[in-house]
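Letters are used for the chains, namely A, B, C and D, taken in the order the chains are written, and counting of residues starts over at 1 for each.
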Amino acid sequence: MIVVMQPHSTTEQLDHVVKLVEDMGLSSHVIVGTNRTVVAAVGDKRMVDKEAIETAPGVEKIVPILSPFKVASREVKEEDSSIALRPGGPAIGARDKIAVIAGPCSVEDRSSLLEIAHAVKEAGGIGLRGGAFKPRTSPYSFQGLAETGLQYLAEAREQTGLAVVTEALTVSHVPLVAQYADVIQIGARNMQNFMLLRAAGEQPKPVLLKRGMSATMEEFLLAAEYIINAGNPNVILCERGIRTFEDYCRNTLALTIVPAIRRVSHLPVLVDPTHGTGHAYLVAPMTLASIAGGADGVILEIHPDPEHALTDAAQQITLPDFRDLMQQIARVAAAVDRVL
Amino acid sequence: MIVVMQPHSTTEQLDHVVKLVEDMGLSSHVIVGTNRTVVAAVGDKRMVDKEAIETAPGVEKIVPILSPFKVASREVKEEDSSIALRPGGPAIGARDKIAVIAGPCSVEDRSSLLEIAHAVKEAGGIGLRGGAFKPRTSPYSFQGLAETGLQYLAEAREQTGLAVVTEALTVSHVPLVAQYADVIQIGARNMQNFMLLRAAGEQPKPVLLKRGMSATMEEFLLAAEYIINAGNPNVILCERGIRTFEDYCRNTLALTIVPAIRRVSHLPVLVDPTHGTGHAYLVAPMTLASIAGGADGVILEIHPDPEHALTDAAQQITLPDFRDLMQQIARVAAAVDRVL
Amino acid sequence: MIVVMQPHSTTEQLDHVVKLVEDMGLSSHVIVGTNRTVVAAVGDKRMVDKEAIETAPGVEKIVPILSPFKVASREVKEEDSSIALRPGGPAIGARDKIAVIAGPCSVEDRSSLLEIAHAVKEAGGIGLRGGAFKPRTSPYSFQGLAETGLQYLAEAREQTGLAVVTEALTVSHVPLVAQYADVIQIGARNMQNFMLLRAAGEQPKPVLLKRGMSATMEEFLLAAEYIINAGNPNVILCERGIRTFEDYCRNTLALTIVPAIRRVSHLPVLVDPTHGTGHAYLVAPMTLASIAGGADGVILEIHPDPEHALTDAAQQITLPDFRDLMQQIARVAAAVDRVL
Amino acid sequence: MIVVMQPHSTTEQLDHVVKLVEDMGLSSHVIVGTNRTVVAAVGDKRMVDKEAIETAPGVEKIVPILSPFKVASREVKEEDSSIALRPGGPAIGARDKIAVIAGPCSVEDRSSLLEIAHAVKEAGGIGLRGGAFKPRTSPYSFQGLAETGLQYLAEAREQTGLAVVTEALTVSHVPLVAQYADVIQIGARNMQNFMLLRAAGEQPKPVLLKRGMSATMEEFLLAAEYIINAGNPNVILCERGIRTFEDYCRNTLALTIVPAIRRVSHLPVLVDPTHGTGHAYLVAPMTLASIAGGADGVILEIHPDPEHALTDAAQQITLPDFRDLMQQIARVAAAVDRVL
C-alpha cells in the first residue's frame, strides 16, 4: 500500500500516518518527492481494512499494491485448475478441452427436458443446465418447478450421463440442490450474496459462479475467494454480460475478462453467450468468439420450441441450431488447438 | 404491447403473431404503416411473459406499453404513501417532513453506539442505523457482531426513542432482525435476492429497500413490488449510488431518480449520500442536494472516530460534522417548504 | 509514479526498470516488500509518457501518484477562480453568487429570442444561451441558423445586457462565434476535440466547457488544461450528465462531480440540468439540487412554446415555469449562504 | 411512432395529440386499451423531430418504431457492402475475406515506419495504419509529426502496396489527409463531430469510422449516415471498445455489436482490439475472438520496440508477436469459412 500525502501536509501528519501504518503491523518507508511525499507500507496484510488511513489528516489517497484476493490468484497456485464436474467425470479447465453445458432456461416438464438432454449428449456436450428455482425480475413471472425440477434433472443425468448444473437461489436451497445436482450454480444476482457463497463453500460439490452484472474482476475473484476460503476449491467462473449503456442487447458480453482472469487466476472460465446477449441471433457468433478468445467452454440455453418457452423465450436457440453450433464450436476450437 | 413486424414479413407470419397475441388473452389491432406493420396487443396482462412473441418468425421487436410494476405505481394509488417507522412513531413520506436516519456503518461496541444514538437524537434524527451483519466484499474483512449488535441497537432505541434500521442479509436473518429492529433494511447487493424480498414481505415491519448498484428504476420498483405482493405495503426506497465509469467516487449518486420515482410511484424515497459517494468530504454537499432535489430524507453514516472505524472508515463523518450538517439540512429543507 | 514488479521478476528486470526511470529524468527508490518489489520514481514529469515502462519485462503495473493536470489544479492556484463573462460584467465563480444562464436550445427566430432574453433578464439571469450551430445526432434534424442566429443573440444582448453564451462546433466557427458572443461554449461531444480546445484557448473570450458524456473527472480537467495552456485561463466547467445504463432519463446527472472538482481545481463549475436529465419535469428539482450541492450556477433551456420548439422540445421548460424556478433558486441559494 | 397517453388523459388532450401527429404529415390510429390509450402515427418521417409531442399535455411517452438511420440500413440495401480501399485495390466487407490493417500508433520516424510496413505486407496485411495527427488526452503528450508523417506513410505505400489508413482530427485536415492516404480515419472522440463527418462525406476516399466510446449502435449508424448523406457511401465501421465500469482494461470491447450491426446494416465492420483492450497481452485473444465473432477484419497497433514507443506503449504488440498472430488469424478465419 502506498499512502500519498497532500501537497501541504505537515510533519505531524506524516508522523501520524507512519504510526497508523506501523500499528497495522506493516513497515513504512517514507519517500519525499518533488510534489508529494508518499509512505510505502510493506507487508502482506490483505485482511486489514486499510482505508482507515484515508481519513487521517493530511492524506490525499491510498493506493493498494497487492490485489485483495489471494487463494484464487496465480501467486498462490501457478498452474491452471482443472475441475471435475463429478468424481471421475468430465472436467472444466483441462487446457485442451472445450466444455459445453446446455439446457433450457427453466426445467418446464419431464419430456422436454429429456429430449433436450439427449440432444446435448449426442451433440457432444458434457453438462445439462436448467433452472428449478428461477430468480425473476417480476413477481408475476413463472418461478420454477422447485424440487420436481431437480428430480427431472437427476433423471436426465441417469439417462445421459451428463453432469447436472443448476442454481441455488438462497442458503436453504443449497443442501437440496447439492443432493440432486453435480454442480451448484450461483447466479449473477447472487454473486455478492455472501451467505450463499459461504454455504456453497461449505459443501463439496463444484460451484459455477456467475459474474454479477456490475462486478469488477476484483470483486468477481473475491466472490470466488469466499467460496474457496469456506473450504471448497472447486470454483468455475462464468462471464455472463455486464450492464452498460448499450441497448441493442440485454447485457454487454465482456469477453476480455477471459484472458484477463487467465493472467491473474488459476480458475477456469466459461462464458454464457445466452444471457450475455439476450437475443437468440447473437448466441452463435458470441459462442465462437468466446472459444477463440480463450474460454474453457460455454453454457448455453436451448429449447425445442423457444416461442413457447416459459422463460427467456427470446434468447434460447432451437435444437437444430444448437447441433449446427456444436459443429462450428469444434472447428473454432481446433483452430486454437483445443477440442470439444 | 406493440409487436413490430420486420420489413418483409409475410401475411402468414402476421397471422401467426395475431394468433399468439390472442392466445395470451389480449385483443389485437393490426396497423399497416409505410415501412412497418405493427400489431397492437390490448389488455392488462403484466403477468404474461410477452417476449415469447419476439422469437416468432417475422417479428422485429416488441415494445411494451405498460410498465411491469403495478402496486408500487401511482396508477393504483395516487396519493403519496407515508410509512410509520413503528406504530405511532415518526413517518417517512409525510410530505412536509424530512427524515434523517444516522448511525455507524457497523455496530462496533455498546458504548460508542449509545454515544452515537444520543448524538442522532439530539440533532433531530428519527432513526438509528448500524449493521449487525455486514456484507463485505472481502472474506478477510470484519463481518459484524450479529445478534449482540442487534441487542445494542435495541438498547439504544430504549434510551433514545429512535427507530432502529438494520440489515438482514439472508432469509434466515429476517425473524431475528424483525425481533429487534423497527425497520428491516435490504441492501443494494440483495435488491434482486427474491427469496429475501419475499421473506421481508411476509413479516409486518417496514422495509428499507436499497437500490441495486446496477438496477434500473423499473427493476427497483419491481423489487418493491415483490415485497408488497408478499403482503407488506410499507416499503421505503433508497437511492445509494450506481456503478458507472466514474472513478473519483465509489459510486455515482443518481439523484435524478428521486423526482423520477415520485412521478410514477407513491412510495417514499430516501438517499444514502454516504455509500452514494464513498468519501466523507462529499457527504454534506450531496445530502443538501438530495433534500433540495425532493428526497424524503437521508440515511447517513457517522462515527465518533472514523479513523479507527472497523468498516467504511473513509466515508463516515464525525459527530461534530453531523451536527453541523443537520443545521444545514434544516435550512435547505425550509427553502423547499419542508421541515426536519 | 510507482512501478510494481511482478511476483517473480528478476534482478535484471528490476535493474532495467530503474534504468528506464532514470532515463526519464526521474530518481528511483527501490522498496522490497513481502510480496512485491516496487520502484518509486520521483520527480515532476507529467509531460512524459510513462506507460512505456508498463511494457518492460517483469513489470506488473504502473501507479501514477500525481494527477496529470496541473494549471487547472489547486496545487498551482489555491484560491477559487472568478471569471467575468465580459470585461466589467457579471462573473461566475464569485463564491457567494449563483449564476443563471438561460435561453432556448436553438435560436429559432428573432422575436422569440428577444422575448426569452427579456424573460431571463427580468427573472435575474446573467447570461443568454442559444445555439446557432446545432450538433444533431441525426443528419435529418434542424441544424441551426448559423450567423443569423449569432446576430439575433447579439441584438438580444444589446437590449438586455445579458452575456451571450453560444457554441462553436468546429475550429472555423471560433472567430465568428467570438465576434458575436461573450462566452464560447464547447459542447459535450467536442470535449476531446483537441483542435477546437486549442483554438478556443488562443482567443481571449471565456470558454464554457461541457463535460463529455463519458469523460472522467481527470479527462475533463485535462480538456480545461488544453485551453489554459493555449493561453486562455478563463474556463468555466459544466457538468451535463453522463452516459450510464439508466433509462428513465437521457443522461445521469453526476452532481457529485461538483464538490469533487472543487477539491482539486480552482475553476468554477456550472450544471446543466436540462441536458443532464432530458425531461422538462426533472429540470426544477435537479436545478435546486445543483445549487444546494455547491454549483456556481446553472445553464437552462427555456422556450415560450416547447411543444413547437425546433429542437430538444421534450426538455425545455416554459417561461412561467422558469420564473417560478428562479424564485426557488433564490431561496435554496440563500439556504447555502449564496445569492442569485 | 406510438404516442402513449397518460392514464387519466382527457379527450381534448387526445384530440390535440391527433392534430399534432397529422400536422406532421402522418396519419393517426387511436387504440383505446385497458389501461392506456395510444395513438399510432403512420408514415415515414424520420426527418421530423417527433419529441415535440412528448411535451403535449396528457402524453406519457413516445415510442419510435422506425430506426432513425436509413441509408446505412439493410432496408435500403439488402446485400453487404464491399468497400475497396482504393480503386482496384483490396476491399473490406468482401464476405469471405478477412482484412488486417496494422501499423504503429503514431508515425515516429521514416525508418521504423518502413520496417513496420514491410512486416505488415509480408505477414498478409492489406493496410498500414499510423497517426500523423494524434488526439492526446494530455496537452503534455507527443502530438504527431503532421504532414511529414503523411509523407512517410505515402512512401511506405509506394514500397509495399499497402493501403494507407490515417486519421483526420479536424475539418481542415481532411484535404491534406485525403491527398496522402487511401482511407481517412475518423477517431472515436470525433464520432459525433458532425462538421468533420460532413467534410469526410464530401470527398471521395473511403472513411474508417470508429465508434465513440459511449455511442449506442443507433448513434454509430447515424454518424455513418451523416457521411453517406454528404455523398460518400464508402464507410467502414470499427468497434474499438466502450467506456464502462470495468477497470482491468482501458475500454470494454463490445464485440456483440458486430453481429448486431450485420443484422441491421450493410456496412462492413472491423474491430480494433488494441484500443479496445489497452494492454498488449489482451490483443491476440481479442483479435481471434473478433474474427470468430464475424468481424470483417481488425486494425492493430504494432511496434518494433513498444517499450520506447512515443505513444500508447502499453498496448502495441511486437513484430514477431504480430507475425504469430497473423498465422492464428488465418486458422480461425478458416474455421469460420473465411480467408486472410
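Details
In this section, a residue touches a chain if its C-beta (ideal position, glycine included) is under 8 Å from a C-beta of that chain, and two chains touch if they have at least 3 such contacts.
Note that the structure is predicted; figures quoted are calculated from it, not measured.
A count of C-beta contacts for the chain pairs C-D and A-C puts C-D on top. Taking the mean Cα position of each chain as its centre, C sits at the greatest distance from chain A. If you average the CA atoms of chain B and of chain C, the two centres end up 31 Å from each other.
As a whole-number value, the distance joining the C-alpha centres of chain C and chain D reads 26 Å.
In terms of their C-alpha centroids, the spacing between chain A and chain C amounts to 38 Å.
For chain B, the set of residues that touch two or more other chains comprises 214, 243-245, 247. Residues of chain B that touch chain A in their complex: 20, 46-47, 49, 51-56, 68-69, 135-142, 169-172, 189-190, 192-196, 213-214, 219, 222, 225-226, 229-230, 243, 280, 306-314, 316.
Here chain D touches chain A in the complex through residues 214, 216-218, 242, 244-249, 252-260, 263, 276-277, 281-282, 285-286, 288-294, 328, 331-332, 334-336, going by the rule given at the top. If you check the complex, the residues on chain B that touch chain D are 2, 4, 7, 29, 31-36, 38, 40, 42-44, 63, 65-66, 75, 243-245, 247.
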